[in-house]
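I've put the structures underneath this note.
Here come two complexes built around chain A, the first alongside chain B, the second alongside chain C.
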Partner chain A sequence: MKEEQVLLQVEDLQVSFDTYAGEVKAVRGVSFEVHEGETLAIVGESGSGKSVTAQAVMRLTPDDQIQYKNGHIRFEDTEVLKVSQKEMEKIRGAKIGMILQDPLTSLNPTMLVGKQIAEGLIKHQHLDKAEAIKRSVEMLKMVGIPNAEQRACQYPHEFSGGMRQRVSIAIALACNPKLLIADEPTTALDVTIQAQILELMKDLQKRLGTSIILITHDLGIVADMAENIVIMYAGRLVEKGSCKDVFYRPGHPYTWGLLESVPKIDQASKEELDSIPGTPPDLHSDIKGCPFKSRCKYAMKICYEQAPEAFELGEKHTASCWLYHENAPEVKNPITNRECKSDE
Partner chain B sequence: MVKYIVKKICVAFLTIFILVSVVFLMIRLLPGDPFNDVKVPKATQEKMRSYYGLDKPLHEQYLTYMNNLLHGNMGYSLRTQNRTVNEIIVKAFPYSLDLGIRALIFAVVAGLGLGILAALKHNKFWDHFSMTIAVIGISVPSFIIGSLIQYVFAVKLKILPVALWETEASTILPTFALGLGSVASVARIMRTSMLEISNEDYIKTAKAKGLSNFEITRKHKLRNSLLPIVTVLGPMVAVLLTGTFVIENIFAIPGLGKHYVNSIQTLDYPLILGMTLVYSVFLIVMQLFVDIVYGLVDPRIKLYQ
Partner chain C sequence: MSENMVEVKNLKKYFNVGKGKELKAVDGVSLFIRKGETLGLVGESGCGKSTLGKTIMKFYEPTEGQILFQDRDITKLSRRGYLNFTKEAQMIFQDPYASLDSRMTAGSIISEGMDIHKICSSKSERQERVYELLNLVGLNKEHANRFAHEFSGGQRQRIGIARALALNPEFIVCDEPISALDVSIQAQVINLLLKLQGELNLTYLFIAHDLSVVKHISDRVAVMYLGAIMEVSDSHNFYMNPLHPYTEALLSAIPIPNPDVTRAKKRILLEGDVPSPVNPKPGCKFASRCKLAKPSCFEKAPELKEVEPGHFVACHMVSGE
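And then the complex of A and B:
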């Protein structure tokens, strides 16, 4: 595999929100990078900070509602957290596109679909109205919407959920951005449509060479799509590695739990689906030690004292878990059935 | 669309028919009689009653009235000499209409402006400023506002005429006094609506396209926030344009307003019915108008099922 250029680098990102109940530390030191043409999946449960991280890359949350405490985000040559909103407007849509979760609410109900796609083109590529509409019809064709000419002159409520998500993709990709952030793009769709949308994203990525950050809580859809995976828990990165590493040699007990929670078709006799017991910690307070300790059956004394650092498990594969410390007791990895060792 | 409007118009006629019938009967239930006055000799009273046809059986009176109404004749006012209700309304209505339209424009322009400003500067100075004005506009009655601005601008500062409806300058104070309450409600509704819309996902989508705040507001927020405004605008137009007793009284404007109150106090039956008709026709037409505007603002709303 040849070394691709780094497109996006996120380093030690810390994000907080001020709420009536106090400061919520939503993201607590996250680092990852996205290479050109690569798909990175950010996986985690609700409230793990994955969407906040992704929106920070675009500075989408209004500046007065969010605090970037630490870290930096570098997209190409731009320090995203340092530039002005005016500078960001040149990046949003033009270089980074975004697809939101719910296609029923993510399109403007009172604006023609073609016009919604054309807006970005008029803004960034300075096309005139007629050209921009022509381009948006082409975009609709590209995302597989039949009768694109007529459909461009319709309103979102005349489209089905899956079709609307295709429109969202067309909007996000209209200016041919280098990075596409897909925030749970299939969560609101039914399973057959899910597969179609993912297939479409993969296909367009191949054609356009776009990098994708795929945010999801569904490990099942990740395996097909992503080259690299980061697993987030309580605002922290718990495991990072290639798709193969995470699926075949997962290192963190949380990842084990996630993998065990994916329903398996050959275990139909089981009555109850597997789950990870307990709930994630409250993000209002500082977390002492490992954030996963109270739900982890392998938790040790040290886990309550000190947060684990990232241990190298292999090339570019890390897990933040004390089990990989040299003094840790030997625990059997339930996925691989092998002993946990930091260097295999 | 045309079918819908025709249907609505038929329903409107039916509504007006029922309304007029009910009001016709109800005013007869009011205690007293227009000509029952101890100072007037009994014989004169009888003569007056028979002159206006009030001595005939009720159903006969009703049929006569309805028949005249169909021919556009609302009868003679009982309290003026030989003046028809039509004449009274035609003479007074233009004043009320003029004042109402001015107040309406003031309400919509200032109300939307303040509301949008408040929403864009949420929780900042301009938000508090706009909402303070809104609270004052809603809670202080118009007769206090009216007298107050009369005192300040006409009596003390002497920069505007104190009353009457003659020059352009004389329209400013009554327009302000009449419109302020509506400014306040439009501003509050617009602010709430815009703030709600700001949290919608499609605003995020618009931002992710790289649009500036101004473009997002103009292209995405405004149209979507207007629907609740359209809803209150219908009744508001009817109230403002058909005249108000208090404001017209304070500023000595010869509009329709005084007839609402006077006609009932003096039991001027035909005038009561005439005023009811003017107001209800206005209200019904405005409701129809609102329905049509709904469809224009929001394509999801279809007029025909």
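And then the complex of A and C:
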């Protein structure tokens, strides 16, 4: 694979929120990069900090409600965490677009769909109103909405769920951004509609060369869409690698658990699934050692004392787990017996 | 006595949505659930699967048709008859937050049904039973005095299951019991439901939209679309040998967590959306999105026919008419 340019670099990001119950450390040191034209998937359960990470990239949360404790986010030449909100406005919508989970709440219910798409074009590309509306009809056509001219003059409630998500994609891509952040874009949709939207995203990426950060908990979607994968747990990054690395040679026990706990459609029915016992830790408190230790069947003494560093398992494949320390006992990876047909 | 726990005959549930319009949520469904088996019910949102489950539970009065429960007609029930029915049939709900009163303790949530039916003679007997149920669903007796809001989503769902089991029912309708839970917790609840079925010989109607989960937990699977059953088969055939074009499209749309397999898969992309169930057109419900549709499909609705033993399909093209 040729060396692509780094579009976005996140380094040791730490984010906290102040709540009545105390400080919540939502993200606890996450680093990754997104290259031009690639799809990076961030996988994790609810509360793992995946959405907070993505929102930090856009500085979406009002500055007085969030604390960026540490780390850099570099998007092209911009230090995202250092510039003013005014500067960010030039990037948001123009260079980074976003699609959210629920298209009904992310669209303005009192505004014509065409106008919502035109808004960004008028602000960022300084088009006049007529031109912007013309362009927004083109965008609607591009995302596969029939009768685009009439549909542009309708309100979001007149669209179905899948169609609304197409509208959000049209808004996000209107200014031809370099990066698209898709936060659970299909979770609220049905499978047949989900397939349509994923197909559309792949197709548009091929045509426009947009990089995508895909946030999801659905491993099936990740297997279909992503080139690289980041797995998050309790605000930390536990594993990072290419799609093949993570699915066929996963290193972290949490990744093993995730892969084993989804029923496979080609698996025999009514067998017991290998579930991960217990629940994720409370993010109010400091976590001593590895965040996964209490649910991990391989946990050792050191896991309770010291957080593991990222161990290198292969080229650009890391797992934060003490099992890869040279003094750790040998553990058989339960995933290796899965089929790896086209393993090169 | 027949071997069927539940038998539904031509069940219809219409909702009046004003201006003389009717929303046909369940439109002529016939199916049966054998004793001790799990029937999975899949379909997209708005296809009427939850309404069907709730109508079988008698939360809704059916518009037309018949429901037989253990050979008794429960379509019309007296108050007393309904009370007896609730002892034998229970439900587990989708949202573990909305379905538990957060101002009640876990113990009082679980024992509420036992009090209504007066099955415990003393306080200590009642408490013993609560501990036993908590233990059964993987919680412990210290949890009995905690309030519902103190529990996580997965634990709440366990309380919901304990509540459903409190009256020793034989039949449980599980309405999307895991779709509000995280992946790692989903597997725990699936395992629990499977374990309980083995130990207590329960019959499940398992409603969900996640096909892999439904296939995993069910003996037979029914596919629903816009208020009608499209296909019923055993869960192996459902995946290996789907006959209805809608089932094929559904199966091809699920992403499989294996990059090589899922990327090599040929997708059947359905065009458009599910039509509105308000005043639906005559003919096959799926005709407007079906690639095989012929003019006759738009005129006459196909009947659910047994095309091979145990495999029912409602499609003119498959049954060769």
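Simple rule for what comes next: the second predicted complex is superposed on the first by the 331 of 344 C-alpha atoms of A that agree within 3 Å, B and C clash if a C-alpha of one lies under 4 Å from a C-alpha of the other, contacts with A are read in each partner's own complex, and residues count from 1 in each chain.
What we mean here is this: a contact is a pair of C-beta atoms (placed from the backbone, for glycine too) under 8 Å apart; a residue touches a chain by one contact, two chains touch by 3 or more.
Owing to the predicted nature of the structure, the values given are computational and were not obtained by experimental measurement.
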Combined model on chain A: chain C and chain B, fit or clash: fit
Chain A residues touched - chain C or chain B, whichever exceeds: C
Contacts of A:S261 with chain B and chain C, given as first, second, both or neither: second
First, second, both or neither for A:G97, with chain B first and chain C second: first
Contacts of A:K244 with chain B and chain C, given as first, second, both or neither: second
Partner chain(s) touched by A:K206 [first = chain B, second = chain C, both, neither]: neither
Touched partner set for A:T192, first chain B, second chain C, both or neither: second
Cα-centre angle that chain B and chain C span when viewed from chain A, reported as a multiple of 10 degrees: 70
Which of chain B and chain C A:K82 touches, first, second, both or neither: neither
Least Cα gap, in Å, left between chain B and chain C after the two complexes are fitted on chain A: 7
Chain C-contacting residues of chain A that also contact chain B: none
Touching residues (chain side chain B, partner chain A) in the complex: 200-202, 204-212, 215, 219-220, 223-224, 297-300
Complex interface listing, chain A residues touching chain B: 58, 60, 86, 89-94, 96-98, 100-102, 105-111, 116, 119-120, 123-124, 155, 157, 168, 171-172
Chain C-facing residues of chain A, complex: 45-46, 160-163, 190-196, 198-199, 217-224, 243-244, 247-248, 257-259, 261-267, 269-277, 279, 338-339, 341-342
Residues of chain C defined as touching chain A within the complex: 44-45, 152, 154-155, 182-188, 190-191, 194-195, 209, 211-213, 215-219, 235-236, 239, 249-263, 267, 269-270, 273-274
